[in-house]
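Got some structures for you, see below.
You will see two complexes here that share chain A, one where it goes with chain B and one where it goes with chain C.
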Partner chain A sequence: MSKLSHNPRLAGPLALAGSVLLIVSGLLSWSYEPILGDISVRFWPVTLQVYAIVMGVIALLLALVAAGPLGRWSQHIDPARGLRTMGVTAAIFAVTTLVAITHQTGGLINANEGVWIALVGGLLIAAAGYLRPETKVLDPAEIALPAWLEIIVIALLVGLGLYTAQYALKQTDPWVLVLLVGMLIGVTLTATRSNMASWVGGVTMRHQRVFLLATFVVVLAFPFTQGGSEANLNIAGNVLIFAATALGLNIVVGLAGLLDLGYIAFLGAGAYVGATMSYSAFATIGWKPPFLVVMLIGGLVSSILGLIIGSPTLRVSGDYLAIVTLAFGEIFRLAMFNLDGQSGPMITRGSNGINAIPDLNFFGFNFGQTHNILGIDIPRAGNYYFVLIALIVFVIIVFTHLNNSRIGRGWVAIREDERAAEAMGVNVFGLKILAFAGGASLAGMAGTVKAHMDQAVSPDSYIFLESAFLLAAVVLGGMGTVGGVLIGAAILKFLPEKLRFLDDYRLLMFGLVLVVMMRVRPEGLIASKRRQLEFHDDDEELAETVVIDELEAAK
Partner chain B sequence: MSTATVTPSDAEASGEGKVILDARNVTMRFGGLVAVGDVSMEVREGEIVGLIGPNGAGKTTFFNCLTGMYKPTEGQVSLFGTTIPPKPRAVVKAGMARTFQNIRLFSNMTALENVMVGRFCRTSSGAFTSIIRGPKFRREEAETTARAHELLKYVGLEASAHLLARNMPYGDQRRLEIARALATDPKVLLLDEPTAGMNPKETEQAMALIFKIRDSGLAVVVIEHDMRFIFNLCDRVLCLVRGEVLVEGTPGEVQSDHRVIEAYIGAADDEDEEVEPLEVTTAFSEPDHEEEGR
Partner chain C sequence: MELVAQQIVNGLTIGSLYALIAVGYTVVYGIIQLINFAHGEIFMIGAFGALSTSLILFPGQTALWTLPLILIGAVAAAVAVAVVMERIAYRPLRNAPRLAPLITAIGISVFLQELVRVGYNDPTLFISDANPFDFPSAKQKVVFPRVDGISGESFDLGGIILQRPAIFTVACLAISAIWLWYYINRTRSGRAMQAVSQDPDTARLMGINVDRIIVTAFAIGAALAAVAGVAYGLQTTNINFKMGFIYGLKAFTAAVLGGIGNIQGAVVGGLVLGILESIAIQYFPGGSPWKDIWAFSILILVLVFRPQGIMGAKVVDRA
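And then the complex of A and B:
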């Protein structure tokens, strides 16, 4: 292999052949049986065949950069890394499809020519990628097109995002969904590794306001595309609550560098505040303030809990802190179990929980009813969706503004070197407490909404596993970033909803993904350059690109 | 000060300004080990004081006691006549900042951010004003950024403002650490081996920088093993041996004192040739065991 790589001229034709094969495979039959959305028909690509074509087109683009008319792009795009990732993804995709066909039809014999050709195509592309040496490329982020064109690119990207989300939500076949998500991850990794994503990053940076506005519009438009159906909006609501909590945890873990394994307790505290102060017949507190007040109280109670757990324990660090927080999460759950009027005061109704929590009602706008806005029905889940969007925008603003301030710098300094930070006059203890209490209050606010959305609160929802999932969302997505954590939360909440058949193996799968991720990309899906360097200490090339980036940023 | 030989006339002669830093009878014991025993030091306005002594003499421990990173077993430290509690934040606020023997920058932050962290104790915007981007936040943030740029320029690093600290050359990292310490607006600057591992040219630059800092009105205390550097730089030199002050005086006196030569250099006849390997070993060796107090 190493000898062959001295002869990279082979790579271009190989890549071309592979990508053409992959595209052609999409037009052929993949199976004798009409399974997985009927992939048995020729020249009528559906589901898997479409994904193969998408991958093929991207590989073709890279192949043309490697050898052909798009050669001048190779200054900025490294086709070798891109082809490797795309090829390996396509090959894994084909193999997984074979497994799926075997599983669905009872025999490998039912696999048709298309899937085999796709496998060959993927292997050829991968081989081409490894034949070609990696090249150092310039950062394409600086290539500026005319502004109107870039804005169109942004609109297209955001539209594509919405369409993909819609499409993914529509899929009911678990195999198709798994393969779709696999394809999407592969395409994303290809884009980042070949440097194409960097250009997109540059475009969005240049038109940040437009990008944010477009994203916001799309996010607000989402419920209107659901035609009054609840299912997807329910999932979206759960994702948003999970994401808001994960962003709170991100302050603690990602910025201040404190490991917290009992974080779900803060969400739970908020939920219990919301429940006990609701108009439910089971609510144990007589005072019924307006919901916004309840939300603030929820945040406050959680942050007080954060202070209580924080002030004695933050003097320990690292593993010890993790153990203490782990215990705190359990204490919270058991306390909620026992505040049932028998073992303790009557607050939470123990294992029965507080049920029949009525829907929110803002000035006569009942969240439980379907409202018709602009001729489109917005169901109950849609109403909550809008509230949660407002919440998450608030959380994101808090997170980014704190991150880009004196306080955020203090947090990062503590994470980098606590003793040095102390010696420079940083209020280490105060900032740690602030991280704990601030993050907790965000989770608490999310909790109050959760109580109303779920209509019930019980101790069983706040187990250690949930804390572990929160932490996983932060780590998988990318510590210290907003986008990464949002994506991490979306994946971790969305997939289990759709992959119910995997329920028994959910944790096994999750563990596997975690191990693979930590091996392949420990900095998370979306990583700040700072984090990337932390994990790839020896990667001089990366260090150099970062230096170049910074020099250019300094100009 | 039983064993220490003080020459009061010289100490007075070298410093006419008023005493800024006054450390009285500082003692630091770790169990039975006396790392620093009854050390007293006065630093006057606009003075550069050198702290020398063989490895393990307790120089860095003494620094840690001064800056509140250790709580001295006995003795007290006062700045401008006020006793300061042994807490790092209180010390920095009172006007004393330090650098570290083994560079301790925030390596994944940019040079600019590193210096901005140094401004932390001189700013006070809280979480609320930071979140709503209030007027106080904007004013302080602009001030902090401007001051950080100014300080980077002062130490000659204005071109590297957006480099990650870890990617900077060794000598620049040392200078960045000084800039970070200066950002806390100190009156006394403690430098722990500022030229360790530097080549002669960088050492010369460091010396020029320290003179410049002194001329701006700060008092500087320097720990160093490079004798030529110390004797060219300092107004007064303290030699610590086994945690106690052996000799205190002008560079000339300390240089010629036979006890210093015996204790520090070992042999009486060749000075510089012996010093060189000593410097190399300290520059690349692990930090003294006393440095990590966790």
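And then the complex of A and C:
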């Protein structure tokens, strides 16, 4: 985009027209056939049409900021970037819908006027975004509304989060789900690009306790909203285990900057500890301590492995370390295969794995049964959900405390410049080892729960691809952030569970997304400002805000 | 004694494969310090390129004259994929933090594997079922075409069994190594490549087209990997979409063992790793199931204690 092509006067009307078109398209028919939740009916928006309207409303808001009554907001919100992202998202959304219609009905001919209008609307919005120059804006995080209003905003946001999760879990059509998630990602990116997210960040920072409490309540309330659905809670459980492990990896990769490509081995070690010490008939260790002890042992075993694999970091770093950890992950998997009593000692039962692991039982509370709490059935997966929530809260507390401590700053220093850190008196080797051992122990603990939840362990669940998935969760979400990794983990675990019959193309998409992501937004969906700076080191304005933030944090 | 000799022969065979693939890692690393994690997949693409050539041009034909054609097909497929990969996935990230290209490489690796797995007999993926040449599904092992004279009976040299494909593999390595040596040391672009690897900025100032040299490096690596893919197919008589991962990792081990960035080192490293592995199968505790564990342990030990490898490449700071 050359400077000459900027034409801000044209941008406003274009954006307005585009967003109105997008909203109107939601009221029109999208397809001749009643597919994807029946998008063929006019003036009765469902699924995709609703998403189009949501995007249209956001674009309209930005358009009004760009030219119109909300003009004074443009001090804080940059409509140009927001419109670009929203417009491109809407256009991609429309094109994907066209593909979906072609796929479902066997011909592009079945696409009705609505989807074409949405496409035009999206393109107009994007064009408006590119016609308008990017402006430097003030950080809206400082704008404070009355406290009660901000708390209502938080409640609404958190409620919206629960509703979205709920809604997404209900969707059965894979195309609808893909488009929904795409729309959500687009909206999130629009919010961050246009600086709107920064205000939300400011609000949550000012009322941190309220926000945490609200989130916690919603998270605890989630199983009660599922009406005893085992499947959805199972997905939620898998997401939580994955997220706990990814947070552990986030310490190693996100904070300390040590790339680990064999991280799944730590989860696996924990799972094998949990399995071999369980009451399963196939368990190979006679000692059956209480589960909490097993959990600690699992964490301990994993952290010892972490120590072993971390020790080469004294001499190896960067790409070489990645390969060392990759080799380690493969060694773990192969060893689990071989400890089957034939090629090695009998510990893991090789490729058969250890099956029939009984459910947990805390003081007579059997996790395998459905319990009725407050008149609502909490099925088996729900029980595990609560344990996993406890685990993940623990992990998050550990993570944030480490992050804001001397140790965390040491890690960041190592990540940025190892030699300088060493010269400043940071105990480089000790901290690296701590990152590996600490992260690994979190994964190990998650693994012990996983063994019971899955009722089986086998070496096939701990292949390299799983490590790649974990890494992707960290990278896609945003390295070094808690929220980002949780979102990354949720997307990466939730989508494949729901898209089971697109099974064949899942991994294909995954590979593609990784590549596209690294080119489009390498710092992840939710980026810590410091990370962002690393990937865009010519952005001086950003550099300044980072320095200011750091100084404030140090006070 | 015969047993040792037999294991060394086996080791040289498998080692030649490692060496052919390892060259690709080393050439690229030597120039842009990038571990091309997806290189193992290029090896796999080469094998499938050969299979496709055979299926398109002369299905069922096993005469010796098909060999050069399937080799050309393999090399063409692998080089095309490698060049496109460099262009869209690596070049835009050349100045990004080091994590970025590595993650892209993982993405490409998964993508290529899956593309072959689901797309081999259905190139348009889920749009329509197009399969003009009756390609088999690549979800399981696929039978690799035979070539008369190379897939035939093995020789027996006084108790030592010499497979014909093994001879072919070693010959491929020998020819490739000689050609590579000639190319690097005796041709203009080979010398330009040396210059870029020593100092890309100065090389650029001297009028060398650095981008083209980098693409050439990717292409050379891909061509040799494709040859390895054909040799692998002839040896094991079948190929699969997963074969690139473990061979890629082993070949990387070989490249590191020989000193990454050092081309002779890659060849020596590959052969040494192959022989070590064969001997491990015979004499190390655990035998065959544990051989990969030994190989990866060697990788870790070398990276930790002698990151410059046995041949000692230029010492890189990343180690």
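Here, the second predicted complex is superposed on the first by the 532 of 555 C-alpha atoms of A that agree within 3 Å, B and C clash if a C-alpha of one lies under 4 Å from a C-alpha of the other, contacts with A are read in each partner's own complex, and residues count from 1 in each chain.
Basically, a contact is a pair of C-beta atoms (placed from the backbone, for glycine too) under 8 Å apart; a residue touches a chain by one contact, two chains touch by 3 or more.
Every value quoted in this text rests on a predicted model; they were computed, and no experiment measured them.
In the superposition on chain A, A:W199 makes contact with neither chain B nor chain C. By the touch criterion defined above, A:A421 reaches chain B but does not reach chain C.
Once the two complexes are overlaid on the shared chain, A:F367 sits clear of chain B and of chain C alike. Contacts of A:H401 after superposition: chain B is touched, whereas chain C is not reached. When the shared chain is aligned, chain C comes close enough to touch A:E330, but chain B does not.
Within chain A, the residues touching chain B in one complex and chain C in the other are 534.
Those residues of chain A whose C-beta lies close enough to touch chain B in the complex are 397-398, 401-402, 405-407, 409-410, 412-413, 416-417, 419-427, 434, 438, 530-531, 533-534, 543, 546-547, 550-551, 553-554. Those residues of chain B whose C-beta lies close enough to touch chain A in the complex are 67, 69, 88-89, 92-93, 97-98, 100, 104-110, 113, 116-121, 123, 125-127, 130-133, 137, 140-141, 144, 159, 161-164, 166-167, 180-181, 184. Remark: chain C residues 33, 35, 88-89, 92-93, 96-104, 106-115, 117-119, 125-127, 245, 249, 252-253, 256, 286-287, 289-290, 292-293, 296-297, 299-300, 303-305, 307, 318-319 touch chain A in the complex. Contact residues on chain A toward chain C in their complex (touch as defined above): 102-103, 253, 259, 261, 312, 315-320, 322-324, 326-328, 330-331, 334-335, 337-338, 343-344, 464-465, 468, 471-472, 475, 504-505, 507-508, 510-515, 518-519, 522, 534-535.
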